[in-house]
Amino acid sequence: MIDYRSDNTGRAAPQILEALVRANHDTALGYGADEWTANLQRRFSELFETAVRVFPVATGTAANAIALAALGPSWGIIYCSEVAHINTSEANAAGFFGGGLKLAAVGGQHGKIDAVLLAETLAGISPAQLHRGQPSAVSLTQATDLGAVYSLDEVRAIAEAAKRRGLRLHMDGARFANAVARLGCSPADATWRSGIDIMSFGATKNGGALCDAIVVFAPDLADGLAVQLRRAGQVWSKMRFASAQLIAYVENDLWLEMARASNGIAARIGAVLREIPAARLLAPIEANEIFLELPDGTMDALERDAFQFYRRSRTLARFVCRFDTTEAEADALAAALRRHLGTATTPRAAE
Amino acid sequence: MIDYRSDNTGRAAPQILEALVRANHDTALGYGADEWTANLQRRFSELFETAVRVFPVATGTAANAIALAALGPSWGIIYCSEVAHINTSEANAAGFFGGGLKLAAVGGQHGKIDAVLLAETLAGISPAQLHRGQPSAVSLTQATDLGAVYSLDEVRAIAEAAKRRGLRLHMDGARFANAVARLGCSPADATWRSGIDIMSFGATKNGGALCDAIVVFAPDLADGLAVQLRRAGQVWSKMRFASAQLIAYVENDLWLEMARASNGIAARIGAVLREIPAARLLAPIEANEIFLELPDGTMDALERDAFQFYRRSRTLARFVCRFDTTEAEADALAAALRRHLGTATTPRAAE
Amino acid sequence: MIDYRSDNTGRAAPQILEALVRANHDTALGYGADEWTANLQRRFSELFETAVRVFPVATGTAANAIALAALGPSWGIIYCSEVAHINTSEANAAGFFGGGLKLAAVGGQHGKIDAVLLAETLAGISPAQLHRGQPSAVSLTQATDLGAVYSLDEVRAIAEAAKRRGLRLHMDGARFANAVARLGCSPADATWRSGIDIMSFGATKNGGALCDAIVVFAPDLADGLAVQLRRAGQVWSKMRFASAQLIAYVENDLWLEMARASNGIAARIGAVLREIPAARLLAPIEANEIFLELPDGTMDALERDAFQFYRRSRTLARFVCRFDTTEAEADALAAALRRHLGTATTPRAAE
Amino acid sequence: MIDYRSDNTGRAAPQILEALVRANHDTALGYGADEWTANLQRRFSELFETAVRVFPVATGTAANAIALAALGPSWGIIYCSEVAHINTSEANAAGFFGGGLKLAAVGGQHGKIDAVLLAETLAGISPAQLHRGQPSAVSLTQATDLGAVYSLDEVRAIAEAAKRRGLRLHMDGARFANAVARLGCSPADATWRSGIDIMSFGATKNGGALCDAIVVFAPDLADGLAVQLRRAGQVWSKMRFASAQLIAYVENDLWLEMARASNGIAARIGAVLREIPAARLLAPIEANEIFLELPDGTMDALERDAFQFYRRSRTLARFVCRFDTTEAEADALAAALRRHLGTATTPRAAE
């Protein structure tokens, strides 16, 4: 079997588990008042070139929902892409933690929010229209839920539209490492320098094990968040074991190295897809995910070939590359697609 | 420094971290659809001698609040001890996850609920008094928040009072291992055979690392809980790393061995306390915690001696024994107390 | 000024206020334990030809949100039209009262849910996909938010698609009287005999003053609702003054008489609109509302003529007829539209 | 039958219903954008000698819960008396509207909060103790739930203790009129000049019909409240009918005249009680309620005499005087008590 089901089916990077094991000595105060967690604050502040507050949490759903709840009142509206994970896959955690806050979809391509459509939507809502709720924040997913990556200009344009109206900006960075690896920019440029106030910093999908984090750039958000996390059951009493994982994740650029690996595998497959017109890409391959519209029967054939992947609809397949997916596995999938679908002489661009 | 601050300042049992590391091979489906989590269900069903559902969660607060939210409507009242952790130390997580549910305190000694007082309280509330909310469940903490342990008869009496009125029964088992070690009974007798419908199964305080669990005995509670946990951000995508910890925790009676160790240390100190009338126990030492009323100045003196512990009030100190607290550390504390407070010829009983 | 802004800008029927004043004698138990409220139960049970529970509430938003919250767990999904009042105009009250429940839009024409699209949507959601939340109910608005009326067959088809999946059915009957007047059927046929489990029974927009009601057809929903309403601050202590209004509202068919009047005014204007091709109807006129796409400048011109109405977008105007809108006012609007837009020789059908 | 059950079993003042009926002319914008509601703002701002925002609501429970929810985050703690209506009789509405906020009881006599105990409680909670939640407000009931009235000095002392810690102050004024009538002070002195930020302004119990109000003294609280009320289904679309009631309630001192009447009846009965030592007052009679500890059998005897009242426990009876309770009814109760219990030569003080 060759597994393309998800980046969360994979192993953790050994360095991360080793760090966790190394933290198992002596006693340390609970609930984050330990050295590892203090060190984590310093390490991430260096990484982001500004003083940040980092809150380790168990899952990306917790990171997203609790970060969003911090961005406005419970009658707030948070704008996101129709296909955003927070909108489709988190059992309405944002609405729950936000005490009834509402997600509203804004159009755009490839899982992105379009800044112009966002501005138009906001222009259509008067602050006096109490019956609508009140716009409070925007959440963008980087890389997107369709495997594309926002350019810094795209992020900044969204931030500008949002801030003009006084809205805060959240980034769901479940695959933030893949996006930074793709953009080749600094984590600071990818986030607060482009207008992000708070982010869900994903580690699990990219070689992590048991924690992600909320990273806070806007200092006024941190204090309320600390209580909210405690109440949410997201503050481990033996926090050192979480903080140690996150420190190891970014140490020696491990996170970017792993993201470059999974992005590279996806690109390797993508290079072959250009020659296979019958396999239509739903979005350009800019991170580690590939969404393919496939002809009838192809998914069955691939499964008979022992490939594992998700069927998102009758015609849409998702293939996800992990940090430890091998080039041989990539070439096997490319070959199988070529075998089942044939090739064309002219390469085919993503739309 | 000798650390009696909490059982969550301590290390994890090496066996647990080794199991976590051993789980790091191959790919496995996410969100609990893996072998380790399936195995966890089997292993705990054997342990409890009945088919249970086990949901690993990040913290005891999550276990408690989400279990309680499953026990009744959002306008429910849940009865607990005044000093219950859910009432004093979880930032009202139960009220939050329960959509506004209310905790109401019932009297009793040593952190216990008194079954007779519970029955009286329930008798005073008519189902027609809508303005009161509606009784929906009882939560008892085993071992209690003052270090005592309910006898099975005490648990059964509470269960009877609760069930007569149609209420469900939750056990906060943050220190369940210590209670079972003390009682010398089976986990089944300590829980569902005595009327418990759902429990928070603690591991962290007793040598665990990053997870506790909800154990469900009443099958009708499990399905809603599964969605609620997903929405709560308490379902790890790489669940195997959590399930592996919990399996290791109960393997070869590790959990009971650790609990016996910490209980034993507390008892060793307790034996000396009987000779020190100036140190008044708030509750009998039946698990791994010691709550001592101390004369003015004694806490200062102990801190100068390099003991670490929590001051619960101006006169009340809490000492918590961990699975790896040594007999030498116990004797050092006992000696220091004897030195500062002197001894008496007649032993002194707890009240 | 001639007011077409809304049916809530209007007066109350004098009979309703007289009934309220007549209730002001002697003492009566509070919170609904009075004769008027008992009588209301009987009167509505006769009206609906089955034993119903009626809960007077202050507003339609309260009726909708609290009824919907009763239909499923807080992780439920409730399906409705994109333009449903609950989705666009109630500041996410359903999400709030439902503890985070989510509204999901289903397509359809003229503000209706299409039963086939509903069935397709439900077919696409597996009960095992916990990350999606769980379908729990359907809410349809009768008459719709665009002034159309579901036929009984349409309601039944939606009910069938919903019940096949175990979902409950809510009717937002803010303009239920207008729908019943249009359909010419019994209130029973319009509701529970067509599959409705619970409804928001509107009175305010149709000549009421200070209350609407929740009418419960599925008996299991009533008890929880009673507590939820108390907690929501929707149970008047002097309930008799609300119940008296609702009794008067349905006495001697007053409600239907008023609805026939406002429907008739809308139809009278509609008859003229058929001759004015430049005024494009968004939906057929089947109740008391008219949604008109108008050429640039027409809305300005109408306002100069002293007509009051709402601009729903740059090109869309809404005109609402009240029970006491006069034929002269109808003719004045028709004449103004004819004057500004001219007529055609061939009548124009609604689309 | 002579009815002492509650002040909400009574009639409304005819002037209030007449004002409601008089408002039934012409059209008016919905949701409070009408003249009556604008006039209400002016009228109450004059009454309170400062610019206030007034939000009519259906019930005192709505006023309390929504006002409290505005005073702090959902993880806040609100301090109140153990016997406060918000704590005992509103089905945890505050916890619900506040998204999980917690009520904590502070000791004191006669249904009051003791300022010294409040200060001690607050001193015991460090802002760093996240697991406790965070103190956010204090709610005091004026007149209290046991029929006593805070002196202005007592209110100010509570305000001082609260504000020293940055907490806001809410007054549950369900019987505010009775308190002002007793104190003989201005509404301004009774509220914002003594430190109140927001109040529940009761009308229903004192001759009102279908509405109470939230009165906001701290301007920053008003905007969020407006959306929250809309979402709560507490904003009538035909608001004029509510605003007209509240204007009539305070016109020509009607509210104080009615409160003086009910207070006077209670005092008249109280004067006789001084001679009946067997009837022990639970609190001094300072408003319109009388709480009497009575010997076994007396309540049965009174009921045989055709008096209606509430049994709060086996030995505690509550008698409530309404604005239209007559002196003859007062004398009848006094005579019955004298008859059943006998008198003493020495008068007996309340404790």
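Order as written gives the chain letters A, B, C and D; numbering starts at 1 within each chain.
Note that a residue touches a chain if its C-beta (ideal position, glycine included) is under 8 Å from a C-beta of that chain, and two chains touch if they have at least 3 such contacts.
All values reported here derive from a predicted model rather than from experimental measurement.
Engineer: Farthest chain from subunit C, going by the mean of C-alpha atoms per chain?
Structural biologist: If we average the C-alpha coordinates per chain, B ends up farthest from subunit C.
Engineer: Which pair, A-D or B-D, has more C-beta contacts?
Structural biologist: When the contacts at A-D and B-D are counted, B-D has more.
Engineer: Would you mind pulling out the distance in Å between where the CA atoms of subunit A average out and where those of subunit B do?
Structural biologist: About 35 Å separates the centre of subunit A from that of subunit B.
Engineer: Go ahead and note the Å separation of the Cα centroids belonging to subunit A and subunit D.
Structural biologist: Each chain reduced to its C-alpha mean, subunit A and subunit D end up 51 Å apart.
Engineer: Where the CA atoms of subunit B average out and where those of subunit D average out, how many Å apart are those spots?
Structural biologist: 41
Engineer: I need the residues of subunit C touching at least two other chains; which ones are they?
Structural biologist: Within subunit C, residues 31, 74-75, 90-93, 96, 99-100, 130-131, 133, 227, 230-231, 235 contact more than one other chain.
Engineer: Would you pull the subunit D residues touching subunit A in the complex into a rising list?
Structural biologist: Interface residues on subunit D, with respect to subunit A: 31, 73-75, 99-100, 130-131, 133-134, 224, 226-228, 230-231, 235.
Engineer: Residues of subunit C touching subunit A in their complex?
Structural biologist: 74-75, 77, 88-93, 95-102, 130-133
Engineer: For a test of understanding, state which residues of subunit D touch subunit C in their complex under the given definition.
Structural biologist: 3, 5-6, 8-12, 14, 17, 20-21, 24-31, 57-66, 90-93, 96, 204-205, 208-211, 227, 230-238, 241-242, 322
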